[in-house]
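Heads up, the next two complexes both have subunit A, just with different partners, subunit B and then subunit C.
What follows is the complex of A and B.
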């Protein structure tokens, strides 16, 4: 381990407070009256970040807000020709640098999926790109996978360092933090002091333990051909998804779901162009202007979600799954749908 | 297999030939989570279970399941209901959305269900359990060979702590003995009273803070057995466009208010909206308040009598003053 810092649990709030004066700091917090949901929210003095379990919602909203104004527009009457209008556009506001502290390896992998789509394609998404460039991901090595987690099943794992800027290893009374990128190296010195030998040893032990964990039983990669073969098996899909409620809980809390809608919100001659989350689970997601809907039924929509994550995306992006195995779509689903079981069923009954 | 599960299975077995599908619960991805089961083969009846983790209200599936059923066969849908679920089913019958003779209802008296989010908040690492039993004022959880007891308020769902109808009000077969209600029928609603006691400003702030977290996933709406508009909801219509896609409190607030008003005199307090909310908004409290108003104005409670008509679905021009 090179460039490791150590910070005790007691010192962490003060450091996060100092850093929050320089950049937006996002931490997992219990919100709401009942204090059972955990979401990434801006650090405020006195808040108590939760590191002992995964957050309910993913931190994707930091880089991909639920709703964002792409630009503002204003129609102006052309004085020389009253039948004509011109339009004036105002660009987006300056984006502040941000630190996401305490996300999990699965969450960081979610952004890897986003990067493929928003940065590496034929068109680079300027809104995402700006935020991405200015955001530091400080990822907590994951000691607490649960029964809904399956990161190892999709080619990742609880010790997966890919795509993080800082790597946080929890030890007895604090954290050993290592910089993995240049962006990470810039903020690292703010976190306590260089780690001592015994702290590094302890961290290495924890890391070794985490690297040895297999989270998720089955291998869910390479299900593309089974999916294609099953595509027209209507009975299979209807049977698998009969209990789905068609709500957007799974997709909105998913670290890899990036679908969006674009709408204009105008009053009189002024307005904004908005980009907001959309969900393939919603009936109107594919509804066309003509009124025709190519996926009118629930099973068709769910099938598309499975196909997108486990077949189409890996086919398009060198085998990478559009699923990071965080299990949020399983753990938080009102009716406990289990996407793992559906992908397994694809494979198990492949000959039917 | 415990006795209750066996009786449920045998009850359905006797009438299975007349049923198109049986809606019940089975184990989900771990022993803590139960999940709705759609049983189409008699041999799968073994999967059915009933325990305090059977949280979902299955009556929400009836409308779509009946619509998808074979119209020639006119087969029945078998369904398991708890006390609260039976009220939703009754309300659907009242509104003509479900025909009474198309359902075979297995009623199960219920001592309450677990709020999995509360439980996981108490014990973050808990996923596998060997059993949960509910006693008078304690919930007993067996896990990892250990037995732990918790006060019911810490573990049971909000709706169960003030449950006035633990026994199904409508059924073809009843499983086990009726249980005693936790509170009296005219009992107060502490959560509603607490909010009512706040100043208008404070109450407004409470709801603004709560609803600000809404992610508009619409799980509350989709899990609600009485939200029958589903894909034609005002939240998503583009023409007219009632709500913008902006993630503002005004949009979220409007959605919840419209939903509340749509459910006035219809909500049966099954608590699904609150249970499914991923960000913990106490949606049910709005419905409870509305139900108090409906009770006061019309002396009516939804989902009690299949023959009665919801007050906001009747129009009597001779009545004035409302």
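What follows is the complex of A and C.
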């Protein structure tokens, strides 16, 4: 381990407060939107970040807000022709640098999926790109996977450092923090002081323990061909999704779900074009103006979600799965739908 | 390949120069980008689409149905169906709209060159084919016979009637049909797939391009197969609800394909490889 700092739990709030003067600092907090819900929110003095369990919703909103303004428009009287109106558009605003402190490896992997979509396509998404460039991901090695977690099933794991800028290892009374990227190196010196030998030893032990964990028994990789073969098996899909309520909770809390809608919001002569999270679990998602809907039934919409994550996305983006195994879609589902079980059924009953 | 200083979500402002009333529910808009330099340098391929914006209402996708050689304006034909199209139909000449174009892939011209071309269209389905038809007429010597079978419910439902003579003069064999007899109608009568069968075009060295209502497409495809057209000799364009138009928002997928960036023009053998979720 090189370039490691140690910060005690007691000192952390003061440091986060200092850093929040330089950049937006996002930490997992009980924000009060729901009594037990933990979500990433801006650090404020006196707030109490929660690091001992996964946040209820993913930190995706930091880089991809639930709703954001793409641009503003204003209708004006045309000076050259008094019978007409012109339109003025204002482009995107400056974005402040940010630090996300205490996300999990699964959350960081979610951003890896986002990077493919928003940065590597035929056009770069400038809103995501600007935030991404200025955001430091400080990821907490995950000591506390629960029964809904399955990151190892999708080719990741609780010690997966991929896509993080800072790597935080919890040890007794504090954290050993390692810089993994240039962006990480720039902010690292703010976190306490260089770690001592015994702290590094402790951290190595914790990391070794975490690396040894297998989170999720089933192998859910490579399910694409089974999915395709099973696509038209209507009975299978109807059976799998009968209890689903189509509430969309799974997609909104998912670190890899990025599908969005674009709408206009106008008041009188001015307004803005917004982009907001959408969900393929909703009937109107694909409904066309003519009334035609390619996915009118619940099983078709659920099938699309499974297909997108385990078949379409890997096909489009070099084999990468659009699932990070965080388990939020299972943990938070009001009827305990379990995507692991569906993908496993696809694979196990492939020849049925 | 992308310049990060360009915001692909930000429309260009454009002015409606001319509005043509095609049918009771279809209007054609000729628009000009307000930025003269951008208008001059605007290039696209037949089959590519644009997103038209009414600020305050939203955006919808339409094919650019003027040919790439038309430098004075971009043409879109719009059927009044939903909120955005309703508002588009209320526009007057001189009004300002937004446009994001060109988006998507054009027709595969390499596949068409040197071939006899057969265009089979119904109703508003002529719009995406008009750009290709005019392009091929612009380069008439690059193609063999060009036949167009175009039908609609009534004579009043045919779009572009004012330029049929020009298509014929340009070297297209134009077969027009309506669903049932109408006073004063001297051309063919019958559904498009039926007229196609009567015409019995040869598949030899031919490519068929078809666009129209799903039920017409279904029987046209059947007819073409019976006549011996192979899957890679048939082209069509797909429609889906679209938002971003640049392969990001996730809405217009058919399996792993996005209509907005992988289409909207597809060959029938590409379609056959897709998951059945049209």
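As a convention for this text, the second predicted complex is superposed on the first by the 342 of 352 C-alpha atoms of A that agree within 3 Å, B and C clash if a C-alpha of one lies under 4 Å from a C-alpha of the other, contacts with A are read in each partner's own complex, and residues count from 1 in each chain.
Going forward, contacts are C-beta pairs under 8 Å (C-beta built on N, C-alpha and C of every residue); 3 or more make two chains touch, one makes a residue touch a chain.
Note that the coordinates shown come from a computational prediction; the quantities given were computed from them, not determined experimentally.
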Looking at the combined model built on subunit A, do subunit B and subunit C fit side by side or clash? fit
According to the stated criteria, A:144 is in contact with first (subunit B), second (subunit C), both, or neither; which is it? first
State whether A:311 touches subunit B only (first), subunit C only (second), both chains, or neither. second
Applying the touch criterion given at the start, work out whether A:89 contacts subunit B, subunit C, both or neither, answering first, second, both or neither. second
Where does A:294 make contact in the superposed view: on subunit B (first), on subunit C (second), on both, or on neither? second
Contacts for A:129 in the overlay, against subunit B (first) and subunit C (second): which applies, first, second, both or neither? second
Touched partner set for A:263, first subunit B, second subunit C, both or neither: both
Contacts of A:341 with subunit B and subunit C, given as first, second, both or neither: first
Look across subunit B and subunit C in the superposition and give the shortest C-alpha distance you find, in Å. 7
Shared subunit A contacts, counted only where both subunit B and subunit C touch the same residue: 261, 263
Over in the complex, which subunit A residues touch subunit B? Could you list them? 31-37, 39, 52-53, 56-57, 65-67, 144, 146-148, 239, 242-243, 245-249, 252-253, 261, 263, 265, 274, 276-277, 279, 282-284, 330, 332, 334-338, 340-341
For subunit A, which residues are in contact with subunit C within the complex? 70-71, 73, 75, 81, 83-87, 89, 91-92, 117-118, 121-127, 129, 228, 231-232, 258-264, 266, 271, 273, 275, 278, 280, 285-290, 294-295, 300, 304, 307-308, 311-313, 315-316
Please name which positions on subunit C make contact with subunit A in the complex. 1-2, 4, 6-11, 13, 55-60, 81-85, 94-96, 98, 239-241, 243-244, 246-251, 253-256, 261, 275-278
Contacts from subunit B onto subunit A in the complex sit at residues 28-30, 32-38, 40, 56, 60-61, 65, 115, 117-118, 120-121, 124-125, 127-128, 210, 213, 215-219, 221-223, 230-231, 236, 244-248, 272, 275-276, 278-282
